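Look for chain A in each of the two complexes below; its partner is chain B in the first and chain C in the second.
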Partner chain A sequence: MSGFAAVLRKDLRLELRSGESTLALLGLSMLVLVVLVFAFGAARARSFDAAAGALWVAMVFAGMLGANRALLAERDNAAIRGLLLSPLEPATLYAAKLAAAFIFMAVAETGAVVLMVLFFNLDFDASIARLAPVLVLGAIGFSALATLLSAITGRTRGGDMLLPILAVPIFVPALIAGVKASAAALAGAPLASMADWLKIMIAFDVLFVTAGYLLFEHVVGGD
Partner chain B sequence: MSAPVVETSGLTKTYGVATVLRDVQLRMLAGADAFIVGGNGAGKSTLLRILAGLEAPSSGHALVFGQDTRSLAARYRRRIGLMAHQSFLYPNLTARENLEFYAELYSLADPHECADQWLGRVGLADAADTRVRAFSRGMEQRLSAARAMIAEPALLLLDEPFASLDHDGVETVAALIRGAVERGACVLAATHVIPDMDGVEVAVFEISRGRLIQHAHKEEVRRGGRIRSLLGR
Partner chain C sequence: MNNSAIRNWLGFSTLALMLASLFMVFDWVPPDAEMGIAQLIFYFHVPLAWVAFASFGLVAIAGIFYLWLGDQLWDDLGYAAAETGMVFCTLMIVTGSIWAKPIWGTWWTWDSRLTMTFILWLMYGGYLMLRASADDTPEVARFGAVIGIVAALDVPIVIASVRLWRTIHPAVLVTKQGGHGLEDPRMIWTLMVALTAFTALWAWFLMLRFAQLRARSRMGALEIKIALASAAATDAK
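Moving on, here comes the complex of A and B:
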C-alpha cells in the first residue's frame, strides 16, 4: 500500500507543480465544446443529446492527452526502470497510475461539465448531479484502458499517434453507453432508465481494470 | 561456505546478429568487490542490466541470490541497487523529494530522515531543495549514487559510477562503495576508472569480444592501457 501511495503522491505532486496535464485537459475540453456548440448552431441549443455527445467527445480527447502524459514522467531519465527494479509490484504501479489518470480526468470532466452547461444553455440542477455516476464510470474505464495502452504505445516510435488509433475503437461500447446515459440523465430520466447503459459501462470498467492489473507487468516490463 | 550472490553460467546475449556477451561465467560472494573494464559497447552495461533483472539473457543463466533474474520476486529486487547511465530521478522533484520517494518505495523507516542522511553523505545537503532539472551532471550522478544505495542493498551494480564526477565526487562515491563492501555487500562496477580502494580487495574483469576475462590485478589491465586510474597509484 505504501508503494501505491508513494507513486500516486509523486504523480499528484508533479502535476500540481507543473499543471501540464490538467490545464491541457481543460483547454482541450473547452476547445472541443466551443467548436461543437458553433457546429450545432442555435437549432441544437438546449439539446440534451447534442450536449451529451459534445461532453463525451471532449472527455475522450482530453483523456487521451492525459493518458499520454501519465507515463511520460516515468520515461524521463528512465525512471520507470527504477520503479521496476524496486520492490513495487507492476500491478501496484498500474493501480497507482490508473488512480492518477482518473483524478486528472475527473478534474477535467468537472470543468467540461461546467462549460457544457454554459455553452449549451442548460440549467445547473439535479440532472447535472445525475451525470456523476455516468462520468465516474466513464473516467474509470477510459483511464484503465488508456493507462494500459499508453504503456505499450509509449515504447514505440510515434506512440503518441498510436494511442488514439488503438484506444478510441476499443472504447466505443463504453462511449455509446456513456453518451446515451448522459443524455438520459440531462433529460431528467430516473436512474432505473439508464440501468442498461450503466451495466455496459460497469462491465467495460471491470474488464479493462482487470486486464490492466494482470497485463501491465508484461507490457511495461521490457521498457 | 556461503552461497554466491551472483552466479552466471553460459550467459549469452545477442541483439539481432550481434553477440554482445558470450558464455559469461561469473561467481561473486557477499563482500566481494569487482570492477569490469572494457571498451565502449563491450557489453558491460548489458551484463549489469541482466543481473538487475531488467533484461533477459538470450541463453544461459544469471542467478542473483540463487534466483533466476528473469523472474526476481520483490523480496530479491529489494536487495539490489542499480546505478545506471540514466539516473532514474524525476527532474521536476527536488533532490530530497526524489530520495524520499525511493525511501518510501523501499518501505524504509522515516523517509525524510533517510533522505537527509544520504544527501549529506553524497555532499548535496545544500542542494536538498533544488529541483534535479537544475543539477549539473555531476550532482545528478551523486544523487543517483544515493538513490541506488539508499536501501543498503546486498548487491550493488554500478554502471560508470565515476562518470562526470570531479575529484571530490570520485572520492565520495569510492568511499560509499568501500562502505558497502565493508558491511558485506557484493559490488560489481563497470567502469573506465578504478579508484584506490584502500583496505578492500578488488577483482578486475575485462570484457573483450563478449567474453569475460579475470585479471589478477588492476595493474595487469592498466599496463595494457585499457583503463586509467584517477586515484590509484
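Moving on, here comes the complex of A and C:
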C-alpha cells in the first residue's frame, strides 16, 4: 500500500473509531448557524445571501477546527517523528493530511447544508445539487491552506489563535467567490453564470495545493 | 563604502528629499480643482502604498531565498521588511481614511483597493504575530518564510476576487481617481519626488532594522561558538 493510502487510512480509521472530530465539527457548524440565524433575525430567513453567508462562516470555523485536529493526532507521543523517519516523503504526508482534512470537512459541510436548508427555510431541490461543486472547491482550497498553516501554528505559542489570523486573510478570495457562487446556486442560477467565481476558486485550489505540496517539508518537523 | 556609511548617506538623502517634497506639496503644486486641499494627501498616500506592497514582495522574496540558501541573512531581511512594511501599510490606510472622510463622506468603504489593502495589512499582522509568538529559531524563520511566500502568492488572487466582487455590486461611492488624470505637470513632479522620498525613507528604515537583526543573529551565533569552545576547553582539561 502506498504511503499516502496508509496515512489516510490510519487517520480515517482513527476517526471512525472515536468519531469525536466529526461530532465536534458537526456540532460547531450547527452552533455557528444558530448564532447567525439569531444575528440576522428571522425576517432575513429565505434570503439566499444570508443562507450562503452563514453556511460559509460555519464551514470556515469547522474547517479550522478540522485542520487542527488532523495534525493533533501526530503530536501525541511525538508520532510525527515516526512519520518523518519513515521513507514517506513530507509532500506525500501533506497530501494524505489534506485528503483527511477534506473528508472531515466534506462530512461537516453536508451536515451544515442540511441545517442551512432547515434553518433558512430553503428547499431540498436542484439548487442544493448546484451547490455541491462550489462547496467541494471550497473545501479543497481551505483544507490545503489549513493543513499547511496548522503545521506551523501547532508548533508556536499562539497556536489556536494564530490559525484563524493567518488563514482567514489568505482565504479571502475563495471565501468571496464561494459565498457569491453559493448564493447564486441557491437562487437557481446555472453553473455557467458563476464561471468567474468558479475560476477564482479553481485557481486558488491549484495554487494552494501546489504551494502546500512544495512547502510542507519546510514546516513539518519533530517536536 | 561600509554599511553604516551607506545608511548615513541614505538618511541624509531621505531628509533632503522629504523636505523637498514637503515644500512641493504645501507650497508649490496646485491642489486638485475638484477635491481641493484634501487631495494633497495623495502625494503621501500613493508613495506609502507603493512602499507597502513592495515591502511585502520583499518579505516573500527573502523567504524564498531563505528556504533555498538557508542563510540567516535572508530571514533577517524578510523580518525587517515585514516590520517596516507594516508601519507603511498602516500609514497608508490612515492617510487614505483621512482623505476619504472629506471627499467621500465616510472613513471606510469596501472599495476593491481598500479591501485589498486591508487584507494586506492583516497578512502583515499575521506574519508579525507568528514571529512574536515564537522564539527566533531557524525553524520559526522557516515558518515565517513560508507564510510570506504563501501570502504573496495569494495577493493576485485576492486582487482578482475583490475586483470581481466590487464590479458586480454598484459602487456606493465614486471610486477615487488614484493618480490618473494629473493635468498639471507640477503634480507629476511632486508625485515623483514624494515617491522617491518615501522609497528612500523605507530603504533607510529597512537598513537600520536589518542591521539590528543582523547584529542580533551574529551575536547569537557567536554565543553558540563561545559556548562550544568553552565546553571543548573544559573537556580537554
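What we mean here is this: the second predicted complex is superposed on the first by the 219 of 223 C-alpha atoms of A that agree within 3 Å, B and C clash if a C-alpha of one lies under 4 Å from a C-alpha of the other, contacts with A are read in each partner's own complex, and residues count from 1 in each chain.
Keep this in mind: a contact is a pair of C-beta atoms (placed from the backbone, for glycine too) under 8 Å apart; a residue touches a chain by one contact, two chains touch by 3 or more.
Bear in mind that the values here come from a model prediction, so they are computed numbers and not experimental data.
Colleague: Residues of chain A touched: more by chain B or chain C?
Modeller: Looking at chain B versus chain C, the one contacting more residues of chain A is C.
Colleague: Which partner chains sit in contact with A:W197 here, chain B, chain C, both or neither? Use first/second/both/neither.
Modeller: In the superposed model, A:W197 contacts chain C only, not chain B.
Colleague: Determine, under the contact definition given at the top, whether A:L88 touches first (chain B), second (chain C), both, or neither.
Modeller: First partner only, chain B.
Colleague: Please work out whether A:D125 is in contact with chain B alone, chain C alone, both, or neither, and reply first, second, both or neither.
Modeller: neither
Colleague: Which partner does A:A6 reach: the first (chain B), the second (chain C), both, or neither?
Modeller: Once the two structures are laid over each other on A, A:A6 reaches chain B alone.
Colleague: Between chain B (first) and chain C (second), which does A:A78 come into contact with in this model arrangement: first, second, both, or neither?
Modeller: A:A78: touches chain B, not chain C.
Colleague: Does chain B (first) or chain C (second) touch A:R17, or do both, or does neither?
Modeller: Only chain B is touched by A:R17; chain C is not.
Colleague: Could you pull out which residues of chain A sit against chain B in one structure and against chain C in the other?
Modeller: none
Colleague: What residues of chain A sit close enough to touch chain C in their complex?
Modeller: Interface residues on the chain A side: 145, 148-149, 152-153, 155-159, 162, 165-166, 168-170, 172-174, 176-177, 180, 196-197, 200, 203-204, 207-208, 211, 215, 218-219, 221.
Colleague: Along chain B, where are the residues that touch chain A in the complex?
Modeller: It is residues 52-55, 74-75, 77-78, 80, 82, 84, 86-93, 97, 101-102, 104-107, 147 of chain B that touch chain A.
Colleague: Can you list the residues on chain C that touch chain A in the complex?
Modeller: For chain C paired with chain A, touching residues are 67, 119, 122-123, 125-126, 129-130, 132-134, 139-140, 142-143, 145-147, 149-151, 153-154, 157-158, 160-162, 164-165, 168.
Colleague: Going by the contact rule at the top, pick out the chain A residues touching chain B in the complex.
Modeller: Against chain B, chain A makes touches at 2-3, 5-7, 10, 13-14, 17-18, 73, 76-79, 81-89, 222.
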